[in-house]
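Both complexes shown next keep chain A, but they swap its partner, so chain B is in the first and chain C is in the second.
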Partner chain A sequence: MLPRAEIAHWLFAAGFLFFGLVLLAEAIVGPDVFRRRRWRAYLWPSLALTAGIWLWVIAIFSTFSTLHLFAHALWAQAATAAGAVQLAVVRGRLVSAYWSLVTAGALFVSGAAFLVHEQNGWLFNRSAFLHHLLGWTLVASMLFPLGAALLPRRAIWAFGFAVTWIAVAAMLFADRDIAPIFGHLSDLAGGGPR
Partner chain B sequence: MRRALLAGTLVALLLPAGAAAHATLSEASPQEQSRLETPPTEIRLRYDQSVTATPDSIVVLAADGRRVSGVVTQQAGGTVVRAPLRGLVKGEAYTVRWHEISADGHVGNGVYTFGVGVPAPSPTEAVGASGVTWRDDVARWALFVSLSLLIGVVGVRLLILPGVVDPRVERRVHLLGTLGAVAAVNAGIVGFVIRCANALQVSGVDLLYSDLSPFAESTRFGIAFLLTTLGYGACMTILVVAWALDRPALRWPAFLLALVLASGYSLSSHQATEPNASLLGEVADWVHLVTAMLWVGGVLTLAIVVWPLAPALRRAAFLRFSRIAILLVGVLVVAGTVVAIQRLPALSDLWQTSYGRTLLVKIGLALVALSWGGMHHLVVRPRLERGDAVRGVGGTLLAETTVAMVVLLAAAVLVNGAPPPVVTPARAAVPVAAP
Partner chain C sequence: MNELVTSRAKHADGSRTARRGLRVLMVEALGPLTVLGGIVWAFAQPYRVTFFYPEGKGFWDWVVQPPLLVVLVGLLFALLVAPGIVDDLESHERGDAPSG
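Then we have the complex of A and B:
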């Protein structure tokens, strides 16, 4: 009944890669050009809300550990909150730049959940390494929406946010359960690379 | 400065933490919740990583608490833990309690059952499992309160306040409905974990590393938990989209989905699991729950949405809800009576069993709330119909809401309680063994 972790990770990686490329395209050409076709403005919130739904699906497959159940439920709610607020911003219901603090909070919570739910050390195996890297990447990336809230005119925040998701996608694509990292595999990790 | 930052970041990234691991059970023989035809002679548990085994890493218990597993040994580089089994007989069910110490020092654990010649009992009935505690009651109460927001407030907005209303009312309905969905999904998760913890007999950090899959996949309440978690997650998304796009009509699918999901509790409660379970009982339980949520949510909406925010809407909202409340209370009482008769076939069960006494307390509290509602119906409604100014209604609505919340607490205690055993013809025919 339980799908392999990589399947879920790679599906999300594909989604995040698309998400990152959309954001990067917007950062390169600027929002005014990018949103000449109105539907493009809805891509970011729609993808975040869709990710939220899929994370609920993953959450109910994660009952093999209470911690994983909690972590996936938290990610689902973080994605939904960020997507909803962004949708309201695009729609014009919310106008203050400070609403991007919600995205910053969602990234921090998501990153913290990664770090807490991965109990292995950095070099235990590839999966553990990537969980640490993903966690710290998400925590650090909260600086971009934070910057967008405080200094909204700088394009660097949009670039940073877009690149974050491309990096996250690359990390998720690289994820395998017990494959070694840097040629090292802890004796505690059981079987070898697959 | 830049170089120092870069160097610091690299050091932070590369600092190796101690090799640590948290293993999960990937395979078990006998399988979780399986029925075997012949007694097994060995139990084998395979983990996805090597673990440290202790003498109690596998404990297999017979129904009378007798330990039937022997000395624990490890194989396959520590990823397989096994123990011989002795004295198992056909016709009995057994409980497996497993623990492993992962490399990070955390104790992963789980519990499951299997039967030899008989079906495996639910893991909640594992040997050593405790019954429900006050924590289960609080979690269930939180769930009921959440549903009164999700089903009640959203339902009342759709059913008795259709059309465009004051923007402040709309915002608060959005807020309460979404809060209800968020709270329902989280209360459901917490309630599920607490229920598993009662059987696992662990708490704190150990609970975080517990395997909940036997509960989620092989019990009615587990399957209901999975479906409601997914469903309330969808409700949450629909409601925030309705808010963000300013499309109140989108609340309809969320409301209808929540109504359907509420049946999950009836299909996994005593109405579905007791020997005299019937479709009528399950439907009555669902109707009882839904009408209660609509009634409580309606009073709540009047008390904390309409009254403080929309004076111009008070009269119309009160009169519309007053009309629908009579119907709701009528259906609520009939459905509740059907459920009570099924659970307590003998009238004396009402005062002779703890379940019956809890039901009496709940009925008493419900009567207080209904009397309050009756006062509103008989005293306030006629005055509002005449167009008279009525003062202090906001306060009395808040008081009625408070009593309704206490009724929900009593209901939570009741549904978590064990009804008296029902004697069915099949059970009555079983000869009683001599002492």
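Then we have the complex of A and C:
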């Protein structure tokens, strides 16, 4: 009854798409308007914490491979840490813009985990391709919270961060357990294209 | 002053109103555009929707159908999140106190 990996990825994709739309709306109207209702201010830290908890659940079931277990546990830690720090920022316990560096670090760790735990090349199959693409996207996207920490008043960081999650959602929706990428599917990938 | 020359304050009010209108439009468009994206995807790749190809599909295939998830996310955003943000944008411009 356990869902296939691709099903779990699509569920996360739906969550990240919603998350990206909310962040994009915040970038459009600005934090002053967005945080006029308290529940909205808590939305992104809560979603990050929820994603962290679900990633822990997935880590528990990723026992088929030590590398997958390690990668999912790293993502769970990164999401939990970023969510907890943002929760403290929204509550006013932390005020420095430099706390965005925690989010930047979480994105870097998540991206690096994607890249390290994918053992196959870009064109091995679609899943391998997306692991590489997701990894580099997350590593590059650390520039947005980094920019928010160093130059906090620029709206571009908020837009970039929001679009990153929509792009991550699109990549996760494109994921299949076994499928070709640009006509390439390694014989070692197992099964036929679906 | 005449129809060609207006006060700077009036001109600034006009551009602020236009900017607010654009932001309202952008926030209100996010949900419907997402729904449209999901519908276009469902027609472009019907095999991703279990309702169109039900043979041999299991529980999770019925529960999680990616294009329909995209439509659902767009609807949730359009119905639950966007209206409140638009209301708050308008009340913020009027200088009303925050609610909730």
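In this text, the second predicted complex is superposed on the first by the 192 of 194 C-alpha atoms of A that agree within 3 Å, B and C clash if a C-alpha of one lies under 4 Å from a C-alpha of the other, contacts with A are read in each partner's own complex, and residues count from 1 in each chain.
By definition in this document, a contact is a pair of C-beta atoms (placed from the backbone, for glycine too) under 8 Å apart; a residue touches a chain by one contact, two chains touch by 3 or more.
The shown structure was predicted, so the numbers you read here are calculated from the model rather than taken from an experiment.
Participant: Could you tell me if A:150 is touching chain B, chain C, both of them or neither one (first, second, both, neither)?
Facilitator: neither
Participant: Where does A:77 make contact in the superposed view: on chain B (first), on chain C (second), on both, or on neither?
Facilitator: In the superposition, A:77 touches chain B alone.
Participant: Which chain, chain B or chain C, is in touch with more residues of chain A?
Facilitator: Looking at chain B versus chain C, the one contacting more residues of chain A is B.
Participant: After the superposition on A, what does A:10 contact: first (chain B), second (chain C), both or neither?
Facilitator: After superposition on chain A, A:10 lies in contact with chain C alone.
Participant: Considering only the touch criterion stated at the top, classify A:66 as touching first (chain B), second (chain C), both, or neither.
Facilitator: The first partner, chain B, only.
Participant: Would you sort A:18 into first (chain B), second (chain C), both or neither based on which partner it touches?
Facilitator: So A:18 only meets chain C here.
Participant: Quick one: classify A:29 as touching chain B (first), chain C (second), both or neither.
Facilitator: second
Participant: Enumerate the residues of chain A that count as touching chain B in its complex and touching chain C in the other.
Facilitator: In chain A, positions 1 sit in both the chain B and chain C interfaces.
Participant: State the interface residues of chain C toward chain A in the complex, per the touch definition above.
Facilitator: Spelled out, the residues of chain C in touch with chain A are 23, 26-27, 30-31, 34, 59-61, 64, 66, 69-70, 72-74, 76-77, 81-82, 84-85, 88-89, 91-92, 98-100.
Participant: Write out the stretch or stretches of chain A touching chain C in their complex.
Facilitator: Against chain C, chain A makes touches at 1, 3-4, 7, 10-11, 13-14, 17-18, 21-22, 24-25, 28-29, 32-40, 173.
Participant: Show which residues of chain B lie in contact with chain A when the two form their complex.
Facilitator: 13-22, 24-25, 47-50, 77-79, 102-104, 106, 108, 182, 185-186, 189, 193, 196, 207-213, 215-217, 222, 226, 229-230, 233-234, 236-237, 240-241, 243-246
Participant: Residues of chain A touching chain B in their complex?
Facilitator: Those in contact with chain B are residues 1-2, 45, 49, 52-53, 56-57, 59-60, 63-67, 69-70, 73, 76-77, 80-81, 83-85, 87-88, 91, 93, 119-124, 133, 136, 177-178, 186-191.
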